[in-house]
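First chain A sits with chain B, and in the next complex the same chain sits with chain C.
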Partner chain A sequence: MSAMTPSTEMSEEMSEEMSGEVSGEVSEETPETARLIARGVSKSFGPIRALNEFDLEIGPGVTGLLGPNGSGKSTLLKLFSGQLRPDTGTVRVLGRDPFRDVSVFAALGLCPEQDKFYEELTGLDFVTALTRLHGYDARAARERAAAAMARVGMTAHERKPIRAMSRGMRQRTKIAQAIAHDPAIVLLDEPLTGADPVARAELIELIARLGAEGRCVVVSSHVLHEVEAMTHQVVLIRFGRLRAQGDIVRLRTLLDDRPYRIRVTTDAPRPLASRLLERLDHVRAVSVVADDALELTTLELDRACFDIPQLAGELGQTVRGFTSPDADLESLYRYLIEEA
Partner chain B sequence: MRNQIFSTGYRPLPPAEARARGPWPAWPIARTALTLAWRRTGTKIALMLCAAVVFAVGVGLVAQVLAENAAQQLAEGQPLAAGMMRAVVGSVQDTFAIFLRTQFFFSAVALAVIGGGLIADDRHAGALELYFSRPLTRRDYALGKLLAALAVPLCTIVAPFVLLWLMTVGIAPPALRGPMLGLLAPGLGGALLASLTLAATVVGVSAHGERRRTVGVIFVVILLALSAVGEGVADAGFELAGYLSPTRDVQTVVDSLLGVGVGGLAAQLLELRSGSVNDSAWLSAGALTLMTLAGLGAVGARLRQEVAG
Partner chain C sequence: MTERARLDDLAGRQPPALPAALFWTRLHLVRNLRRRAFLLWALGLGITLVALRLVGAPHRVLEQLALVYLTPLLGLFFGSGVLREELEDQTLTYGFTRPVRRAWLYMARVLAAAGPALTLAAAAAAVAARSPGVAPRLVASALLGGLAYTCLFAAVGLRSRGSTWIGLGVFLVWELGVGAVPGFLGRLTLVTHVRSLSGLGLDAGVLGRLWEPVAWPISLAALLGVTALSLALGGFWAERREFPLAR
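For the complex of A and B:
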């Protein structure tokens, strides 16, 4: 599963620090890298099959879990967090069976979707209470809780009762309780819901940073552009089945029946349009859509990026704009989930 | 040993198993539940009610000890007056038995207010996810909630019993002190059995509800209904039905342990004792134990249904 390779942005120093054992020998992706594994997992609720023969391996870094409502995202998170037992198949968390060995949850942090917990407690008390369940004494738990609250930008509001918190604050407090015990795996179910734009930006940065630290972060979300801002690794689920998994750009290139649309803005689009059709075999169609713009379809985005400015240059033109409106996660989602 | 990086960013699980699970994971759960309960006004009112009962019994005990003192002084010159005085105020043992029975009721009300939401609130808010995505077993969770529930009757029945006993022993004349010393162990036994029964029952009911208040009301209704039906049917002639009544069972066990009878005249006039108990204290203790086990079983069944881990 090439798309699930660990983050390449991580420095070697960090890798060494995280590993604790160093030889300079970095292996290719192996089953050992997968921290969350589901093999042949099915789960039904009465007549409804939420997950159907599901196979998935998720390694370090941030992975976006995407799919429409009822597709099985939350069920999958609940299987990994030990809330549900699969009807068939096996689930492994860090190589262990979570249903036999609950100590594996010491390395897991869960941020569930709902946010109405213990309204009478302050945010700090709430996070402290949950951190204590990991075996920390009262002081250590409080210190960790305070650090986690600071990490999610809640220090100023940490002594506010949860009932007085806005939705965004509750979200951040939930994330704080998920990371306070420094887990290797973080499962986030709709973590950005209710957060204001500034908080969203901060949370996206935080989540991306958690992934860059080497943690396995799984984010279930409906907001595609926000997932795209966190990671390029995605898992697409539809009707309880795995629809696609991997890097957004690589997945997009695999959709042969969906050529890329490219919009080019230039002074004289007509001569460029005829030159494109004449010279570039990967260009399927070209249409002039405005006095200063043309739109073309191609199967090879990379070559188009290189060839079009070159041809424009040959004609003495300048490319003023070059966009591909369907090379992003939203298009991938539309093609694989909505239009499937 | 050959050092090796297994993959970029791989971080192995911390080997410290000591951190993976705390020494006694049930305690933080109980502590959080009690902290939450303490922040509610209803908790404080319910506990004040129980404290009022303790105060009233304390005053009664002081009066009894003083009366007993006076009776002992009268006994030589006016034995009839001394006997009458003893008959009216009753014995200290009676008062302790009355306290345990009465406080069983008030503690049940306090538990309804405090313990109704112990598991129901978690189910309602979906907080079970937060607990069971941590290194906790269902047993840890149930034990934590049971501890929280048990803390209430321990504070309202067991601890006051010990305090009242200490006070009575402290002020009692030497002749009364001797029999008083023997009351502690049996009284504690009865208090603990009553506490455990209440705690397990409220946690069992809470595990099957989702609204704190509804659970509290159902818990009290169950106790009242069982008591009413048990006592009613037993009084009508079918003695075995008396074991259905938790209050009657508590009274039977406590009376047997403390070795008391029907109580003094004052207690009878104030109707502080029902006067009717079951035939066998062992069977009553068994009935209370069965009720406790039913409560624990209800918790286990619900958690097995709700949580896979």
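For the complex of A and C:
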């Protein structure tokens, strides 16, 4: 998958809050890869400021848009899809203002959050109708709609009235209408809501594939592990401000004042725990959490990965499991969004 | 061609607006004609007109009912909520994120909304006509009047959530009240032109005796002018307004 963002970065405010060492600014120059750009965007609804001086650039590939309810995710997607116009700042999609220049929608597909349709139509008719607004004649639109329905695994149900579809089928149909015209940019607002586990897995694969094809895919979701399955590129938003953007692992390493927890599974955890405390200066604490497992905290994940198996080997032990629950998206989210 | 140029070219592709708008009109016209509201209106109207004819109501009363009362009310009912319905059922996003200008999609939706209103207004005028010879004139007047009312109330509906109440006020105070005033003021109402085109005039009474029809080309121009102006204004507003969906 190609690089999805110009850089891994945390907002200035965030970096000050977290360590004071990490900084990153959106460059003034628009990179060739940027598909979606927001610069200094603020948007209020009455007294509520949904987005505040928001800067963001998103390039090709899948980007997860994360944040708690009311953080401004949907507002951002609505700005990028031309449903809203910013109070201040500029929003550009492929260099165009999506609110004023509807031609941008030739290259953009939107899967909205709401579970609403022209209920009496069949799924195929619904997708065909919307595809016709892209200038395709009846036959071409139908072929494209059928292909899109096939892509989301809905061929068997495409002639079912939407009102008779399950939530998961409706969700797939909604994604089909967003991709039927083969857009370069796909905005998906909570695309997995209501899908059963099998459908979720298939849709995650589909979304990842759309990104791998070079499209710019932005996925807003609350379900962190699903986002993690689609991409490692994330944008974290809180209170209408950009908290961080970039690769999950790199972002996590920027939080250098936050220790990693590591769980080590081994036959005799107690001697290993003592040795770890004795020999490794980067290990802050160790506790035996089970007969065959210990948990330690360290500030240096990379060194721990190297040192622990070596020490275990010196004791004649084998490390059977080595996991860091703090190196994933959930912990990143917890540090950057919830704890902040 | 660079990747950027290719994407710029792709994003700049806008399909011809008219075929897209005509397709959108047809899609929504069919949907509107299958809606329960239309079927209930048709049923109620049919029963009322048949009952009035059975009890021997004069044709003049029926004609007035069809053209002066029903036509504006149908325009109000079907026109005032053109985009509000799509906002409320949250389907507006689907159309408004396509490469077709919102003004065109708005006009398509207004014409689709006018379909049921005009069908009912024309049918009522045909049933109410005192003779087959008069029917075409009455039907044409109902169609032109119905279109003007639908477009006008649709434009009002874009500007105000209380468009139904505003429309009722316009109908009762302006159209029925001011429309009965002879002279220039009365000519500013749509109902005067519908009456003039249809040859109905104003019913008996002092005002009725003073009332004079407007020349048909002027009435025709007035109705078409209001239709065009309302569509243009509505399209203008649709282009510039945000349509945030309720969550």
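Quick notes
The rule is short, and it goes like this: the second predicted complex is superposed on the first by the 309 of 340 C-alpha atoms of A that agree within 3 Å, B and C clash if a C-alpha of one lies under 4 Å from a C-alpha of the other, contacts with A are read in each partner's own complex, and residues count from 1 in each chain.
Note that in this section a contact is a pair of C-beta atoms (placed from the backbone, for glycine too) under 8 Å apart; a residue touches a chain by one contact, two chains touch by 3 or more.
Since the model is a prediction, treat every value here as computed from it, not as a measurement.
Look at A:61: by the touch rule set out above, it reaches chain B but stays clear of chain C. More residues of chain A lie in contact with B than with the other chain of the pair chain B and chain C.
With both structures placed on the common chain, the touch criterion links A:84 to chain B and to chain C.
Under the contact criterion defined above, the residues of chain A that touch both chain B in one complex and chain C in the other are 32, 78, 81-85, 94, 99, 102-108, 110, 112, 114, 116-118, 120, 129-130, 132-136, 177, 184. The part of chain C that touches chain A in the complex is made up of residues 2-4, 7-8, 10-16, 19-20, 23-24, 27, 31, 34, 89-91, 93-102, 242-245, 247. Interface of chain B with chain A (complex): residues 2-14, 17-23, 25, 28-29, 31-32, 35-36, 39-40, 121, 125-137, 307-309. Only residues 6-8, 10, 14-16, 18-27, 29-30, 32-33, 59-61, 78, 81-85, 94, 98-99, 102-110, 112, 114, 116-118, 120-121, 125, 129-130, 132-136, 177, 184, 187, 213-215 of chain A touch chain B when the two sit together in their complex. Within the complex formed with chain C, the residues of chain A that make contact are 32, 35, 45, 74, 78, 81-85, 93-96, 99, 102-108, 110, 112, 114, 116-118, 120, 129-130, 132-136, 177, 184.
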